[in-house]
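When the chains are written out, they are named A, B and C in that same order, and each has its own residue count from 1.
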Amino acid sequence: MAEREPLLKVRGLKQYFRISGGYTVRAVDGVDFEIYPGETYGLVGESGSGKSTIGRSLIRLYKPTAGQIIFNGMDISGRMTRNVTTQLRTQMQMIFQDPMASLNPRKKVGEIIAQGLDIHGLCSSRAEREARVAEMLQKVGLAPEHADRYPHQFSGGQRQRVGIARALIMNPKLVIADECISALDVSIQAQVVNLMKDLQDQTGTAYLFIAHDLSMVKYISDRIGVLHLGHLVETGTTDEIFENPIHPYTQSLLSAIPRPNPRVEKARVSQSYDYKAMGVDYTKGTLHHAGGQHYVLATEEEFRRWTGA
Amino acid sequence: MTQAKEKVLEIRDLNITFSTSAGPVHAIRGVDIDLYRGETLAIVGESGSGKSVTMKAAMGILAKNAKVDSGTILYTYREEDGTPRTVDILKMKKHELRHQINGKRIAMIFQDPMTSLNPTMPIGRQIMEGMLWHKRATKDEAWQKAVKLLEEVGIPEPEKRMKNYPHQLSGGMRQRVVIAIALACDPDLLICDEPTTALDVTIQAKILELIKRIQKDRGISVIYITHDLGVVAKVADYVDVMYAGKIVEKGTVEDIFYDPRHPYTWGLLSAMPDLDTADERLYTIPGSPPNLLREIPGDAFAPRNKYALKIDKRLEPPMFKVSDTHYAATWLLHERAPKVEMPAELKERIQRMLKGGDEAHG
Amino acid sequence: MSEMEKTAAVPENFLPDDFEFIGGEPEAAIDSNFSSDSYWKGVRRRFFANKGAVFSLVIIILIVFFALVGPSMSGYTYSEQNLSQKNLAPRVPGLESLGIFNGDEVMRTTTGTKVVNGYKEKGLDDVYYWFGSDTLGRDIWTRVWQGARVSLGIAVVSALINMTIGMCYGLVSGYFGGWTDNIMQRFAEINNSIPRLVIVTLLLLVFKPGFTTIVLALVITEWIGMSRIARAEMLKLKEQEFVLASRTLGASNSRLIFREILPNIIGQIITQLMFSIPTAIFTEAFLSFVGLGIPVPQCSLGSLINDAFNSFTTHPYQIVPPILVLALLMLCFNMLADGLREAFDPKLKER
């Protein structure tokens, strides 16, 4: 499996934001991972972990402070040529979190979905454009008539479908889903996630699924990466992470997941993890291989302690 | 079932209509709720179900364009000398509500701790504010009590924190401060409107455990408004499931999770991915909640209900009794209805849960 | 738990097929829930519900109508002088039989008041000046409407130019941020701190006084208001997710500014435009009043007020029409703009 060429390779990605003279926020502080074609990589973390920042750095809404990003064989971390920029803007797409804010209120839904096509001139005629929009609307479970409506005439779940349509009409190789279901009701979340899975089966696109809800991440992802304070502390296949979490942060995250089982849940006390108290320093750790595709960020000593004992 | 427990809150036949530019929206369509002292009730529903509006009516903080068409909200509390007194909140005047009820006897916690706190006031003052206004405690007494409250909610070094501003605290700490403010005047009913939705999952558990502990220590009743079934499983004694402005199922938490009877409850339980799910597809409830602009004949859930009966289009189902504690409003419970079992995956999941044991990972 | 009166009123009038499944797939995805007004319909509805704004709009339309048509109604031109017919009071055929507007004037003299009728004294039975005549024998009616035409023209042209320049300046400055924004704003501040009178005087030294010069003066001094509004709105919208989405799709900067963001702020722009018109009218009137405006024999509302100012105590009727028209225009444009602002951005949101 690891013989495949990764679609996206990230090495040492750093994203710092200078707030004022002396104060710099280190949102992402040295992150390595890969995404293979057609798979779903779940990026999990709490607020302040840097997960959204990673998504935005990858799609070059920010300019990475350091590190290398290779996408589809092209280096997109530094200055990009026109050709590379076009490739990036067509092959990598993003779905945003807030269904209210991610659609332009003054534009019709058809225009919003076709925006990528218009910008890059991918349709030769109006008829073709309309046909493609109609086809996409149906794929995401809406009706072709909806192309003439405005976003405020739709519910949150439907707006998210429009966002998905806007991204997928470009036939991208990678879609970054930035907490795209967090703002939806639970039953609507299930609808949207099912839709994303179906579309992935049809088109073979890869997803970077950024979320904080571990149960949903487990359901949709092939591989998972756990982020804390800008560092990737553990990564592996879904089974590896859930069956054998090594890093104490991962363990505390898993133990905090609420289960819809009253008898169990009432008695359970979650495990806590205090970064400072544990004396772990992420900058000193390196990625240790723990079998298969499972890697943990730790020093030698910590790794021995966590896997041995 | 039990000896006469003291009823704290009784809502009967509540009907609320909002006047909007598009027309009147009949948002709450006949809601009955009961709450006894020391119990925790969870009101579960998705956005638009009306759960928040119902509780805002109980606090008297409905929006200006909301009109209560009918119903009573009877709240029972004890005076200083111990005699119980019952008032109808809907009939009270605004300033009476502010003086007697809000903050003093019924307190509410909202979802977003950042916007619940005044960014320009130190948190110590915010906790003391209510006390000074309601109880007329002296400033010193209020200060001491505020420090004790901060300790009770688990904030380390409370004296130092009294001078902090909200933006200097993390999200979890802010929510703890919000809880401290709510407890400042020793209310006996606490209403929590999605208190953990805006928080990280590791903090969520801590906040819920905190509220549980406070409840036990003080003997207060708590109402949770939430859409998160994990929260419900953790904290609730009783659960009311709301859909489109009505309660469609009510029961103890075990009734609802292990023996749900309403197809909407089946849908909610099935749509949650759980760590043990090996399914390829998540079960979903198709469609979205109805537009309450139009009066819906019959059962509001019927268009999305795989198990809908023809009568669901005509008549709204009344509450059918399943057991002394468990009621559901679905025609499927009528003796003439076909016997319908919950979906197989859900049944299997419940079996697994009952066999239970906490295998934390798949 | 609850003492529910359980299945109390279960109706017994069941139909035979009541308890059969409806069957088929439940009506899934397409729901007609959320069709409400389109944005512009909502704006129109709110605007027309505002009585004050609608009334102001009607008055403005009336004034504009007369400004266009008025001068040709009376038979006089705005510049023809007839010194023998100077300082005649207003006289309107039809109304004079009612006792008003019949050419009478109340004159105050040192010995008391007396009523004088210039028409009768000079035997001008067939001569009518609807608003009277001024000190040079020119018809005030014609001049007022001609002046209104000029004032409105200057105001609207300068407001439109201001809107274009200010809008683009503010949008660009806000969009690019950083050093670009810094420099552009500093430049704007410097421009703003030079007093208007100084600029106008300098312009008059270089150019001949006239329509274009006044417009230029107004543009140079007033464009900043619009640019501030545009910049503020841009800063609000710049980081919104729909803008980010367009960026990830590869939209160019100009597309983002003018086709994504601008449609969202057009409401505020139009409101500001409406507010800037009365400002321009008044500024022009002020300049004309101090003599820096429209040259003779052209007239604007301000120059008319200036002319009539000298005979204010002796022939007060001469100053009333231009003042009235000016005041009405200012008031109505302000109310119109206020109504538009409320219509575009209603303060009471229902949900």
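In this section, a residue touches a chain if its C-beta (ideal position, glycine included) is under 8 Å from a C-beta of that chain, and two chains touch if they have at least 3 such contacts.
Keep in mind the model is a prediction, meaning the values are calculated, not measured.
Chain-to-chain contact here is organised exhaustively, every possible pair of chains being in touch. More inter-chain C-beta contacts link the pair B-C than the other of A-C and B-C. Remark: chain A and chain B have CA centroids separated by 32 Å (rounded to whole angstrom).
If each chain is reduced to the centroid of its CA atoms, chain B and chain C end up 52 Å from each other. Across the assembly, chain B contributes 286, 288 as residues in contact with two or more other chains.
Along chain C, residues 28-29, 31, 33-34, 36 each make contact with two or more other chains. Counting partner chains per residue, chain A shows two or more touched chains at residues 155, 158. On the side of chain C, the complex with chain A involves touching residues 28-31, 33-36, 38-39, 240-242, 244-252, 255, 260, 263-264. Looking at the complex, you find that chain B touches chain A at residues 46-47, 171, 200-202, 204-206, 209, 227-234, 236, 253-254, 257-258, 267-269, 271-275, 277, 281-286, 288, 353-354, 356-358, 360-362. Of all the residues in chain B, the ones that touch chain C in their complex are 1, 18-22, 32, 34, 36, 63-65, 238, 250-252, 286-288, 290-291, 302-315, 318-321, 324-325, 327, 331, 334, 336-338. Residue ranges of chain A in contact with chain C, taken from their complex: 56, 59, 61, 85-86, 89-90, 92-94, 96-98, 101-107, 115-116, 119-120, 141-143, 149-150, 152-155, 158, 163, 166, 170. Remark: chain C residues 1-4, 6-11, 14-15, 17-22, 25-29, 31-34, 36-37, 42, 45, 348, 350-351 touch chain B in the complex.
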